[in-house]
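Two complexes come next, and they have one chain in common, chain A, joined by chain B in the first and chain C in the second.
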Partner chain A sequence: MAGFISLFQAAVVFGTVIMFGAVGEIITEKSGNLNLGVPGIMYLGGIASLAGVFFYESSTENPNKFLCIIIALLCGFAASAFGGLIYSFLTITLRANQNVTGLTLTIFGSGVANFFGGSLNKLAGGVGQISVAATSSAFRTSIPGLSKLGAVGKLFFSYGWLAYVAIAVAIICQWYLKRTRSGLNLRAVGENPATADAAGINVKAYKYVATCVGAGISGLGGVFYVMDYTKGTWSNDGTIENLGWLAVALVIFTTWRPKNAIWGAYLFGILYWAYFYIGGLTRSSQEIFKMLPYIVTIIVLIVISLRKKKENQPPQALGLAYFREER
Partner chain B sequence: MNNDVAVSMQNITKAFGTKVVANDDVSLDVKKGEILALLGENGSGKTTLMNMLSGIYHPDSGKIFVNSQEAVIRSPKDAYDLGIGMIHQHFKLVDIFTATENIALGMKKDVSGSNKEIAKGIKDICDRYGFDVDPNQKVYNMSVSQKQTLEIVKTLYRGANILILDEPTAVLTPQETEKLFSVLINMKKDGKSIIIITHKLNEVLAISDRVSILRKGKYICTIDTKEATVMSLTEAMVGQKVELNIERNNVKNKEERLIIEHLTCLNKYGTKALDDVTFTAYGGEILGIAGISGSGQKELLESISGLHPAEEGSSVIYVKPETKEKTQLIGKTVKQIRDLGVAMSFVPEDRLGMGLVATMGMADNMMLKSYKDNRFMFTSRRDSRKLAEKKKEELEVVTPSIYTAVKKLSGGNVQKVLVGREISSDPNLFLAAYAVRGLDINTSYTIYNLLNERKENGCAVIYVGEDLDVLLALCDRIIVLCAGKLNGIVDARTATKEEIGMMMTHLNEEGEEDGNS
Partner chain C sequence: MATVEYNKKEAFVRASLRDSIPRYKALLIRLCAVVISLIICAFLIYSITKINPLKVYQAMFEGAFGSVRRSWITVRDTMMLLCIAVGLAPAFKMKFWNTGAEGQILVGGITTAACMIYLKSLPTWLLFICMIVSSCVAGALWGLLPAFFKAKWNTNEILFTLMMNYVAIQLTSFFVALWENPYGSNTVGVINQTGHEGWLGYMFGDNMLFGQEYSLNVIIVMTLTVLMFVYLKYSKHGYEIAVIGDSQNTARYSGISVNKVIIRTMLISGAVCGLSGFLAVSGASHTISTSTAGGRGFTAIIVAWLAKFNTFTMIAISVLIVFLEKGAVEIASQYNLNDYVSSMITGIILFFILGSEFFIRYKLIFRKRNKEVQ
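The block that comes next holds the complex of A and B.
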């Protein structure tokens, strides 16, 4: 039981990172943009929030926790959305290839983040490890009382509040896509931009906004990872990138539905950590188990391709640049 | 200005690039509560003209008046705001959405109300004009005719008073066409103005009040349908014969090369693209194929060359010149058919779409068709380089080098490369479609000479053309296709333009003439 609880807890923490990444990417892909820069964007979000609160915390004696949170979220969201803006400008305005642009963004994001991460560690002095303790503890505050409720409390109420925000964001995105007029328009842009254009929808604006907001949401995954999981420190071990790719895989797994990202992300989290809780694995056989999330994604892809249900297919214009028909 | 004119287009000119003038000083009036037919051959500029009304294009010069007010239409939204809606040939619908969702698309919520209100609005429109739409049906479950109905309902829901339909009957069965026409008449009675783009004369006569005719981008005339006849409309549509000085030798050593019997094949909608076509092509002659676009020309060439499956009972027999050996082509692969000596040069609207790789040079493109002849796994570049250089010289292809990517060449030169390569394999049967599309006069003549050269060598040439003058001047015999049926074979030396024009637009068989061809 104790083993299961700690597996579940680890799964929820990484699942939350993946969920932010995937929900943001779903919004992006619904506009027809296949942004493979999710890992890079999560890096940008993580490092920007860290840098922002580091400068705030070191400028004042008693950092205000509320202000810490606002600064971290704002910096993380803005930097990630900026990554989305770069991507949008290249693919929508300049019509660059989406796959190449996305991959480049991933490389760019991880490079920038690790460069500044190293610099921040230097700036922090001391043991050469940056730490934003005040902000991190603010992020890691869990619901008082409830987390003490034995197994139930540990399973469901022991996480930093951003983990619950992730679920809320997924539900809001689901509702937005499914129930609002603007969500309908967004889906139309991703399915058939020519039709959307003829219906008087501003295709470019929808693509820009969806990609930037989507990137911003993805970036919150990076914020959560840095503030909650690594407790406000920076290490460049490449975990963010792994989780970023899992988020991209999770988008396929959810068949482009944010609500499926909620349980899908935790499932991916469990699959990610499974090797740790299976006894008798050697270093090399661990690696085989780390493939599990990707294998599950491939199986889902095969199943949805075989069933050919139209609603489960990727947006029809995904990956294609749109320009008005001209002769 | 007259008060019962709904839309007036005055002196509209629109050019694409510097060479192609799609509309040249066209003026047009549509009255309130009338059905105006816009008639013309392929490429006469009908759709372009209407696209300027619906906001897809913007005219280079000229004015548009809607309800006597000058209007500037820059986008489809502007057109909607003015009450103009166009139903395109390719439907603008999102497949995975329901009918209601498609109609709700792009509308402000406070204007259109909830989905329930929209569904009610759909029902009102259906009851009023006699449509049949299920608001909750997904578009991908709809038939072509249902999709078209949804498009019209969508346009009406958005408050359109002026409807433009671009060849609405092209994809419909005769029963569906009849239903559409009865709905259109209901709409007309309700005071809506309807413009219907078509090249089917029987439909013009059946439904329109007046008919405006365009020819090669120019406005010809507008007549009251009551006073029009099939003959007068055809004359106005095809115009006077233009003399072209294309060399045409008499057919020598005529021998059977391709015997086609009962060829039938289906298009992607499951209707017959070709219906029981039977004819014979001879070596040493150029056989022209005339018809309105989409009458089955593409499917004919593709089923000969093995790209399109034929239905049971079809027969395409190829006769080898030397041995007179007969081979059934149906069921053979494209490669096997090529090896028999059948070459095809199909020039689609997008020249680089079929047969050439845009980013490769002439030399490499030459190699595409021959690399399989190399013995081992390595390819020989020498042969293709020689061939490319020879073709460059022979056909005067203007290119910096045979290694320059063909996408950088002008359209005419690309076409020369394509036709040149196909001819270089010395085929016994040569299929050419729209070989001079978009080319200037001189280049066109180069291509005609190439085809004539083939004919002299005893090759059977099948030439699908758009320009009747060229077909009459170049070919020996002309087959006229109409709605997938072979409507007649004429001698190109004696036939007249009107004769062919009539055959293109009107099926010959008795009883097929009243609207259900």
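The block that comes next holds the complex of A and C.
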């Protein structure tokens, strides 16, 4: 039981990072933009929140926790939305290829983040690694009282509050896509932009906004990773990049439905950490076990292409550019 | 007043497709993009480090070509990147988005390392045949899987190949743990350090070809570059690839077996990427780790795309990217920064080159001032 609880806890913390990433990417992909820059965007979000808070914390004696949180979220969201803006400008206005632009964004984001993450402290005249303890503890405050409720408390109430925000964001996005007029328009843009255009929907505006907001949400995954997962520090080990690609994988796994991202993310977390809790594995066979999330994604990908159910398909115009003049 | 409102109806600037553009003009636009991006990078570096940007670029040049040894390492890495891009070219020309080069390189690297470890007692020529053949086969199989599903059930190849990368990375971690040397280091270490068995540079014993360790890398990759150019441009296969890339329906109508061509092309693409894994292990690092591919599978996609699948243009772009990489590493070590600055600079420059393509394909027409207003 104790083993299961700690596996579940590890899975939830892990899952929250990729849930943000995946939900943001779903919004982006629903507009027909296949943004392969998710890892880069999560990098940008993570480093921007860390840098913002770092400068704030080092400028005052007693950092206000509330302000810390606001700064972290704002910086993270803004930086990753800016990443989305670069992508949108290049692919929508300048009509560059989506895949290549996305991959470039990943290279750029990982460069920026690892460069500043590794040398921010040195540039500011400090020594050693960057650390924002105060903000990180503010992010990791769990609900008082409830988290002490034995196994139930540990399973459901022991996480930093951003983990619950992730679930809320997923539900809101699901509602937005399924139940609102503007969500319907967005889906129309992703399925068939020409028809949407003919119906009077401003295709460019929808693509721009969806990509930037989607990138912002993905970037919150980076914020959560930095503030909660690594407790307000930075390491250049490339974990965010792996998580970013897993988020892209999760989008497929959810068949483009944000509500599936909630349990899908936790399932990925369990699959990812399973090796740790299965006894008798050698170090090399643990590595084989870590393939699980990717193999499951491949299987899901194959199955949805085999079954050809209309509602499980990717948006029809995904990855295709739309220019009114070139129809 | 009415005329003013009339003017507002026409957009300030609009783009229209160019019929054609002289080659020198296209080159000039790209060159402008690179120069502008270099200026922006210089400002960025200056604002972070307060180092004179000109000195930075001088240091970069030193880092890439400062000594004979450095130049050869630059050449070696250029060849590696070029080899992957050449491997990707046929797949991309077919509009098959092979984002799985990273994985194909790694599996090629694993089999090469396996040969170096287990078959080192074989005669040199046989060992090299084993390494080359096995790395090509491994890469080809890694490419075959997504191609098969794409051909049969139209499974999304971008996401499939992307996931295959991570399967390959875990597979690499598995073998690294299996072969680790010394025990507990979690690295494989340099394989066959003393006897140089299976080291490409030492293929002919200690007398290296042209006295350089990496001359064979250059010969192999250059041969591939020329062969691939001819294959894509002048062979029947290359023509079929081009037709499928433009329109699968046209291809089907003209009697091309689309499924067969997709699978065949991906076998070739995967094999060449697997061969770059052989180059990385046998021809460069003599070890295997999860960073053997090091993101070059992704960078090569950009190289192949920007070169418009012309393998000779790829040489120039590979040189540019590797130069930036080496240069940035040099700045980083000279000024005590970390070398991720190279990814940042590469990213910015690629953004500009990608953006500049727009101005090659389209011309901008600005709103003309209405005569009645004047």
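Assume the second predicted complex is superposed on the first by the 318 of 327 C-alpha atoms of A that agree within 3 Å, B and C clash if a C-alpha of one lies under 4 Å from a C-alpha of the other, contacts with A are read in each partner's own complex, and residues count from 1 in each chain.
Please note the rule applied: a contact is a pair of C-beta atoms (placed from the backbone, for glycine too) under 8 Å apart; a residue touches a chain by one contact, two chains touch by 3 or more.
As the structure is a computational prediction, the values presented were derived from the model and not from experiment.
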| item | value |
| --- | --- |
| Touched partner set for A:T297, first chain B, second chain C, both or neither | second |
| Chain B versus chain C as contact partner of A:A188, first or second or both or neither | first |
| Touching partner for A:I5 - first (chain B), second (chain C), both, neither | neither |
| Chain C versus chain B, contacts on chain A by residue | C |
| Contacts of A:D197 with chain B and chain C, given as first, second, both or neither | first |
| Partner chain(s) touched by A:E311 [first = chain B, second = chain C, both, neither] | first |
| Touching partner for A:T101 - first (chain B), second (chain C), both, neither | second |
| Chain A positions touched by chain B in one structure and by chain C in the second | 325 |
| Chain B contact footprint on chain A (complex, rising order) | 181, 184-185, 187-188, 191-192, 194-201, 310-311, 313, 316, 324-325, 327 |
| Contacting residues of chain C [partner chain A, same complex] | 16-17, 48, 97, 99, 149, 153-156, 158-160, 162-167, 170-171, 173-175, 177-178, 295, 298-299, 301-302, 305-306, 336-338, 340-348, 350-351, 354-355, 357-358, 361-362 |
| In the complex, chain A residues that touch chain C | 34, 36, 86, 89-90, 94-97, 99-101, 103-115, 118-119, 122-123, 236, 242, 245, 248-249, 252, 282-288, 290-291, 294-295, 297-298, 301-302, 305-306, 314, 319, 325-326 |
| Complex contact set, residues of chain B against chain A | 16, 20, 22, 56, 75-77, 80, 88, 92-97, 101, 104-109, 138, 140 |
